[in-house]
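Structure below; questions to follow.
Going by the order they are written in, the chains are A, B, C and D; count residues from 1 in each one.
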Amino acid sequence: MIIIVKAGHESIVDEIKSRFNGTNEVFVHHNRVAIQGISEKDLNSVEKGAIDLIIDNVPAAVQGSRLFHPEDTIVTTAHSKIGGDHFTMMAGPCSVESAEHVMKMARVAKSGGATILRGGAFKPRTSPYSFQGLGEDGLKFLRAAADANDMDVLTEVMDQDHVDMIAKYTDIFQIGARNMQNFSLLKAVGKTNIPVMLKRGMSATIDDILNAAEYIAAGGNHQIIITERGIRTFDNKYTRNTLDLGAVPVLQKLTHYPVIVDPSHAAGHTEFVTPEALAGVAVGASGLVVEIHDDPAHAFSDGAQALKPDEYREMAAKAFAIRKTLATPIKEKSEVKL
Amino acid sequence: MIIIVKAGHESIVDEIKSRFNGTNEVFVHHNRVAIQGISEKDLNSVEKGAIDLIIDNVPAAVQGSRLFHPEDTIVTTAHSKIGGDHFTMMAGPCSVESAEHVMKMARVAKSGGATILRGGAFKPRTSPYSFQGLGEDGLKFLRAAADANDMDVLTEVMDQDHVDMIAKYTDIFQIGARNMQNFSLLKAVGKTNIPVMLKRGMSATIDDILNAAEYIAAGGNHQIIITERGIRTFDNKYTRNTLDLGAVPVLQKLTHYPVIVDPSHAAGHTEFVTPEALAGVAVGASGLVVEIHDDPAHAFSDGAQALKPDEYREMAAKAFAIRKTLATPIKEKSEVKL
Amino acid sequence: MIIIVKAGHESIVDEIKSRFNGTNEVFVHHNRVAIQGISEKDLNSVEKGAIDLIIDNVPAAVQGSRLFHPEDTIVTTAHSKIGGDHFTMMAGPCSVESAEHVMKMARVAKSGGATILRGGAFKPRTSPYSFQGLGEDGLKFLRAAADANDMDVLTEVMDQDHVDMIAKYTDIFQIGARNMQNFSLLKAVGKTNIPVMLKRGMSATIDDILNAAEYIAAGGNHQIIITERGIRTFDNKYTRNTLDLGAVPVLQKLTHYPVIVDPSHAAGHTEFVTPEALAGVAVGASGLVVEIHDDPAHAFSDGAQALKPDEYREMAAKAFAIRKTLATPIKEKSEVKL
Amino acid sequence: MIIIVKAGHESIVDEIKSRFNGTNEVFVHHNRVAIQGISEKDLNSVEKGAIDLIIDNVPAAVQGSRLFHPEDTIVTTAHSKIGGDHFTMMAGPCSVESAEHVMKMARVAKSGGATILRGGAFKPRTSPYSFQGLGEDGLKFLRAAADANDMDVLTEVMDQDHVDMIAKYTDIFQIGARNMQNFSLLKAVGKTNIPVMLKRGMSATIDDILNAAEYIAAGGNHQIIITERGIRTFDNKYTRNTLDLGAVPVLQKLTHYPVIVDPSHAAGHTEFVTPEALAGVAVGASGLVVEIHDDPAHAFSDGAQALKPDEYREMAAKAFAIRKTLATPIKEKSEVKL
């Protein structure tokens, strides 16, 4: 149940909270109180008089819900704002390959307008015998590259025991698609105050993503970004995954967290990354996260889906242009006499 | 096998054709000859001297393939061109409801820039007890509404025995998703010279669509438009289908037929139609086909997904604006010293 | 709404029927009347007194529903009963290839216990350039082979204009997966009195199948068999489709039509056909339909999934043995003191 | 590459191993050596003379492959053997609810023929606010219940930091579907010598499961059981997941690990659990794992899919009967003169 308290009666919020806290899950956002497991009859008459509205049909992932928190969450890092009216470009190599290479890629990313540098130091690979990432060394290289270019770092954490260590280097944790329901990991990043970018699992429903985000919020961390990166469907002959762009406005309706799009893992092949990225902008996403590489054929991982520097800059320029077009009011709507 | 004949040796095309015709499927496009079931050793030495290139690995749907027909097909009707650099808006009610109503909807469609009026007179309904359409009367109303507004008609044919009758009223046949592999129907429209808009089946792979289109082409009708309208996946709680926009650039790479997007059936709910439509433009589709209604709550079918007139015009204005943005060359690509 | 009339008040059934017939869809089964689009208040008091129970929440596919028709439908042909306690084997080649070959395959089918001979004379092929079947000649060969072995014929009808012609040769029409929502075809076979075996579409939900069956029933033909033959999912590397055996008891709960299993099209590879067939028996299906061939490598179609004669007979023997095991009451249930 | 050494030349195995070890991944099983990243030219002539066969096309998950390890793996615990000709019943409540309750359920499980007692003490719940299990107390109750009935314990580990603690109580670790690609967890159980039951992820392909199992094997633990428990598809209105029984014989062909079936999570509703369980036996699985409860309506979790004691015993009796039927040779195959 969500209780919306009347203006001027905010004091009742604390009363309600203290009465149910300890026995029930209680969450407060401004004049809204969410309480699990009670019904209207559990409220006393004083409280009822101060209540503007009671919402009964509330999703399990209540803290992430617009019903509880109507305003957009704006995730804020040193060089970036994600959400609301902002549009944020995030780019970088799939894997951190060396200090020099990630530095070079950071300059490319920046030249296209990115303020966030992505790069993997711990890689979730399907096979145990594939390259698993440079580890902490990779994080150092990534941090240095971002700092030299006044950018923020986004990197994946795969293991709850790495959270503290990675926290020393990153501005945003990435939780990968395969770990979207690794609840121990979600709880671990939920206890930090570092923003978390949560990627949709390959067969995660909209409700599944929101519940996964709630695991992070339940720990007290509300700086969450949700990423649509393609789902698994019956046809992956030509693309790696099916980018589900309809999920973007659906999520934006249901949750206050910013929603971004990863066209690289969806497309899987360079030639389809740019159209999918631009579609992601047009559908209204708050940002893009894309993989870039200057020599895709020799990339340590996922070279097939990396944009080359020029391709990336052209994509980025068009992305910003479409975002601007979307934000421009339509001047004259033609009138038609029905 | 596709044989590309050298410039100046075009006469060999007819020779090859006449030699294999009758025993093999042979198709000719300019200086390209596609022959099924032969290998290089079946060619004689004179022929080999005149050949520029032999392509061995050819899809079954050869006539629709870019390997056989590299140039874009432009489907042409009285008031519209679909494909190539053109961008085409198609709009109208789900069902033709009355002469007056479809006339009104035609004016709305036109006011948003549509040149093609869609409307169903024969409706494929999941249940046999649902409204099945006005039949031929509906076609008359639709034709009159289009003519009064200098528009073309697009309407669904569900039954091979209706092809000749519907041909009297429509400019473009629509084949619905459920009939994408109704081969008798595909063959029937393939024998006409009226353009065919073929909708992707709910679980049709890219190759399935191209093979379905080939059934039409095999009859001699090459005026084909392919429509992405959403596929069936594991989550349809919030949208009716999953719009697979990645399929658009994939299809554009593989086939010369124009590819358009139907955001209405994908979204299923009005509030998500516009974002999906704009994403469809940004991904590079050659057009949109959308459902509109002035009183969705009382629509005869699919009211939940119909845009109201003002919503439609705002969507259309943004769609054309994004199309223009996409077509505008990026002026200055920032140079970065790597 | 379904009205269950009290014993001794059966005369009221006709009264209700005649009152709503013409304005509403009305169906009668013994003492049950299904009426679309009315509510309890539309009944008069005399009627209400004679009513045992009113069921409000009724599926669109009401004639196929157990709510309307609780008893099993037993589909009956000259040599076979399908449904209820019966278990029926159906076997034969994918395509009818010649008079001699189908005769030979009929003997094999019979030797494994099949009473129904399947074989395709009109083939739905993904590509227009693939073998499309022998046509009416094939039907003649198939009929002769069945007659010589005292078997019934099951063969696919793909085209509504073939219904009358095929009716001359077959005992059961097959509607293929691709045509499950070809409503014109469903209506055409619904007007005949020949049993129809309806295959589940590749992405058809349970409700979709039941609605498709209702199109046949709406025409007056209630001799319907539903076939689970595998659905399209994200993994078809090792099997052609995903056999959804959970659908069998679900369908058996919802509908009175017999449900059978086609393991051949699901498995797609001979080595997996037998395990899937036996699982189909154990899950409770009323029968199996399997493809057999004495020389799969040279089959005209789908050779990869055809069982050879000995494989087929071994599978069939095990299938009948499992069916018998299922039907044998468990003698002693161990008692345990909780 | 897999090298099969000739009989009498086994000494060469150690030579090859020592030559490539350190630079390449090298695995040895009897007279088979799997080496990653080399080709035939990297072998010397002495070695080539001792080689019976070289297999070039080897899956990434080589240790789990039949090519490397043709014989069935038999997982062995104090009271159970899983794999080969054995058939093993595993049963118990979804959650451990109390010492008394799990003791009671253990007696029921045992009475149906189970030798392994399942029960969750750490529960992976979609929502952070749902019951998360009794933790270590639950493990103690579970262990006591198993010991009192001479059974083995199977329980889920969700968190790599719990591995050592849970190892004190369990005979088999369960890795849940959501954690199938939690590589840190897989590595952690791979370092123990306790058998691991790995459940297929909701959208995991066959290759994905085999690669996940390989993460366990790479740590040195080869006592692995693979569980098919239903996948996510487009229809979950009537069942929770789609049980993919075709995956069982496919996995049995590709890998030597035993494959079992979980009908409870697939069906999601009691009434469909028994048919799916029996189908799992008939398809050839090495065992079943089912959820039971004496009062499903008040179960702490997943009550809807729990079999009641009598339902369970009846299912189990039929399961063993079908297994016996499958194992009985077919006496007389009818001969037919073709």
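One rule holds in what follows: a residue touches a chain if its C-beta (ideal position, glycine included) is under 8 Å from a C-beta of that chain, and two chains touch if they have at least 3 such contacts.
Keep in mind the model is a prediction, meaning the values are calculated, not measured.
Common neighbours of chain A and chain C (chains touching each): B, D. At the far end from chain D, in terms of centres built from Cα atoms, lies B. If each chain is reduced to the centroid of its CA atoms, chain A and chain D end up 34 Å from each other.
With each centre defined as the average position of its C-alpha atoms, the distance from chain B to chain D rounds to 47 Å.
Contact of a single residue of chain A with at least two other chains is seen at positions 203, 207, 232-234.
Taken together, the touching pairs cover every possible pairing of the chains.
If you check the complex, the residues on chain A that touch chain D are 25, 36, 60-61, 124-130, 158-161, 178-179, 181-185, 187, 201-203, 207-208, 211, 214-215, 218, 232. Residues of chain C that touch chain D in their complex: 104, 107-108, 110-112, 203, 205-207, 230-231, 233-235, 237-239, 242-250, 253-254, 266-267, 271-272, 275-276, 278-284, 294, 309-310, 313-314, 317-318, 321-322, 325-326, 328, 330, 333-338. On the chain D side of its complex with chain B, the touching residues are 203, 232-234, 236.
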